[in-house]
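There are structures below to look over.
Heads up, the next two complexes both have chain A, just with different partners, chain B and then chain C.
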Partner chain A sequence: MSSLIATIKLREVATNQAIQAQVFDGIDQTHLSNWKTKWVPVVQATEARLLAQGAPASVYPQSAHWDWNKKTTAFQNLLSYRMFAVTCAHDTQGLMAVATDVVMHPSRLPDDKGRRALGLVYIDFLEAAPWNRPEHVQPPRYRGVGSVLIATAIQLSLDEGFKGRIGLHSLPQSEDFYRNIVRMNDLGPDTSYPGSFPLRYFEFTTAEAQAFIQGGKP
Partner chain B sequence: MRLNVTDDWCLAAADREGDREIGVGFAAADPTVLAAAQGQPLASRATETTQLAFGLLIQLLRRRKSLTLAQLATIARVDMEELLLIEKDVDYHPEPRTVHQLAQVFELRPKALMQLSGSAAPREEVSREAVKFAASSEPMAKLTREEALAVEQFVAALNRLADKDALTP
Partner chain C sequence: MSTKRTMTLNLTDAEMAVLEAMAEAKDLTKTGVLRQALRLYQLIDVRIARGEKIFVENGLTKEKAELAIL
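Our next item is the complex of A and B:
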């Protein structure tokens, strides 16, 4: 079940027009069906193209194996998890799963009183529809999905009493967005993660999150 | 919950965002996962034995904590169906995130568990220890003293190898 929490605007790249879109608290079957019937074929086509080109593994879509059906099944009964969707023009444009458990995901930066290990909203998974991403479709269809989902996570953090604090592990191809556009604090590669890809951890303090959501940052 | 952002904010943010990638998630770029997804043979892929040992280990560690599958799924925040596949299907490749969550619950070195699960190439020593462990364990209703000992020795060996890996440049 999902409920509408905002009507927002995305930028349509082809026309440069502002297009009305919606943000939902909760992912429902409509969003998942759209993921399965529309997202997955685009991602598979990209993988087939890269395979035919003999492209190296490093350029493959880094979220290609994510299964939002499985994620939704796993998370929907957990009180500490919330899921969000952005829709526009009858299509799901972005999906996000966040955790709000302070035990597993405490803050790593000190607050204004020097306290650490406080509660935050941890963005576990965030993905835009493949047609909004240049690695799949050129030119992409809509811009702004990522910023709206970050704002949603900040709002949830405020509602949960975490004062806007959020944290996330960025995929390597997305580091530029979180470091230079959202301007989160880059705490470096997280070596507590397994394998040869220690993803970089990013975190927003209260003041920085409020500045972002109020448009205070250029 | 209500999200209050103005149209001007959305459009200014969209223009700043441009066509940048925004994905957040767990170790999605591991080439072993990509190759597996494409059905390509992996030269360094874990053998069936290491994956069998992985399933056995998770099952025995779960039983040692007296947890049902549903309880472990809740604690580790993973899909119960995936846990079942891990314990029952030697060909199943769990997602790296799942392996990491299980490592946290059972206080294991994530890197060692990744090698065992097939999400990362296993060291030869890991494969050897896995064979010893798989041969000494048989899933039964109750964890025997021998199984408990086998689990402890196997976990210690995995952690030793992970520590050696950490020292290797």
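Our next item is the complex of A and C:
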């Protein structure tokens, strides 16, 4: 089940027009069906093209294995997790799963009183539809999906009493977005991160998060 | 983002003292601390109901010990 929580604007690249879009709290079957029938074929086409070109493994889409059906099943009944969707023109444009537990996802940067290990919204998974990403489709259809989801996470952080703090581990292909577009603090490779290689950890402090949602960037 | 409902909570002095200390340490309201406690309790309860065990690891020695859940 999902509920509409905001109406926002995305930038349609082809026309440079601001197009009305919706943010939903919760991911439902409509979003998942759209992911399965529309996102997955585009990603598979990209992989087939890269294979035909003999491209190195590093350029293959690193989120291609993410299964939003499985994530939704795993997260939907847990209070610690929240899921969000962005839709526009009857298509799902972005999906996000976040964790809101202080014990397993504490803040790492000190607050203005020097305190660490405070609550934050931890972005577990954030993905824009493949037609909004230049590695799949040139030019991409809409810009701003990732930033809308970041702003949604910050708003949730404010609602939860976490004062806007958010954190995440980035896939290598997304580091440039978080470091240079969103301009989050890059705390470097996290050797404690479970997986085959240490992902870099990024975090927004309260002041930076508030600056982002007020002006788009800190 | 979600509709909230109100309840009255009766705590002992000791429980209230812990709640207030955690709220101060975590920069949360007392309601925020209790929400966190409920989330963690549910998360652990679901895993244990599946037959899984919860372990804690010493960050320095990497020694693991099963977390006893009452």
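The definition used in the following text is that the second predicted complex is superposed on the first by the 212 of 218 C-alpha atoms of A that agree within 3 Å, B and C clash if a C-alpha of one lies under 4 Å from a C-alpha of the other, contacts with A are read in each partner's own complex, and residues count from 1 in each chain.
Rule of thumb we're sticking to: a contact is a pair of C-beta atoms (placed from the backbone, for glycine too) under 8 Å apart; a residue touches a chain by one contact, two chains touch by 3 or more.
Keep in mind that what you see is a predicted model, and the values were worked out from it rather than measured.
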Superposed partners chain B and chain C on chain A - clash or fit: clash
Touching partner for A:M184 - first (chain B), second (chain C), both, neither: neither
Which superposed partner A:Y60 touches (first chain B, second chain C, both, neither): first
Which superposed partner A:V121 touches (first chain B, second chain C, both, neither): neither
First, second, both or neither for A:I5, with chain B first and chain C second: both
Superposition-derived comparison: chain B or chain C, residues of chain A touched: B
Chain B versus chain C as contact partner of A:P139, first or second or both or neither: first
Partner chain(s) touched by A:D25 [first = chain B, second = chain C, both, neither]: both
Partner chain(s) touched by A:A129 [first = chain B, second = chain C, both, neither]: neither
Partner chain(s) touched by A:D159 [first = chain B, second = chain C, both, neither]: both
Contacts of A:L78 with chain B and chain C, given as first, second, both or neither: both
Those residues of chain A which chain B touches in one complex and chain C touches in the other: 5, 25, 78, 80, 155-156, 159
Contact set on chain A toward chain C in their complex: 5, 25, 78-80, 100-103, 111, 115, 117-119, 155-156, 159-161, 163
Contact footprint of chain A on chain C as seen in their complex: 1-2, 25-29, 32, 35-36, 38-40, 42-43, 46
In the complex, chain B residues that touch chain A: 1-31, 33-35, 37-38, 73-74, 77-82, 95-96, 99-100, 103-104, 110-111, 113-114, 119-120
Parts of chain A lying in touch with chain B, wherever the complex brings them together: 5-6, 8-11, 13, 18, 23, 25, 47, 51, 57-58, 60, 62-66, 70, 73-75, 78, 80-81, 94, 96, 99, 104, 123-128, 133-135, 139-140, 142-149, 151-152, 155-156, 159, 168-174, 176-177, 181, 192-197, 199, 213, 215
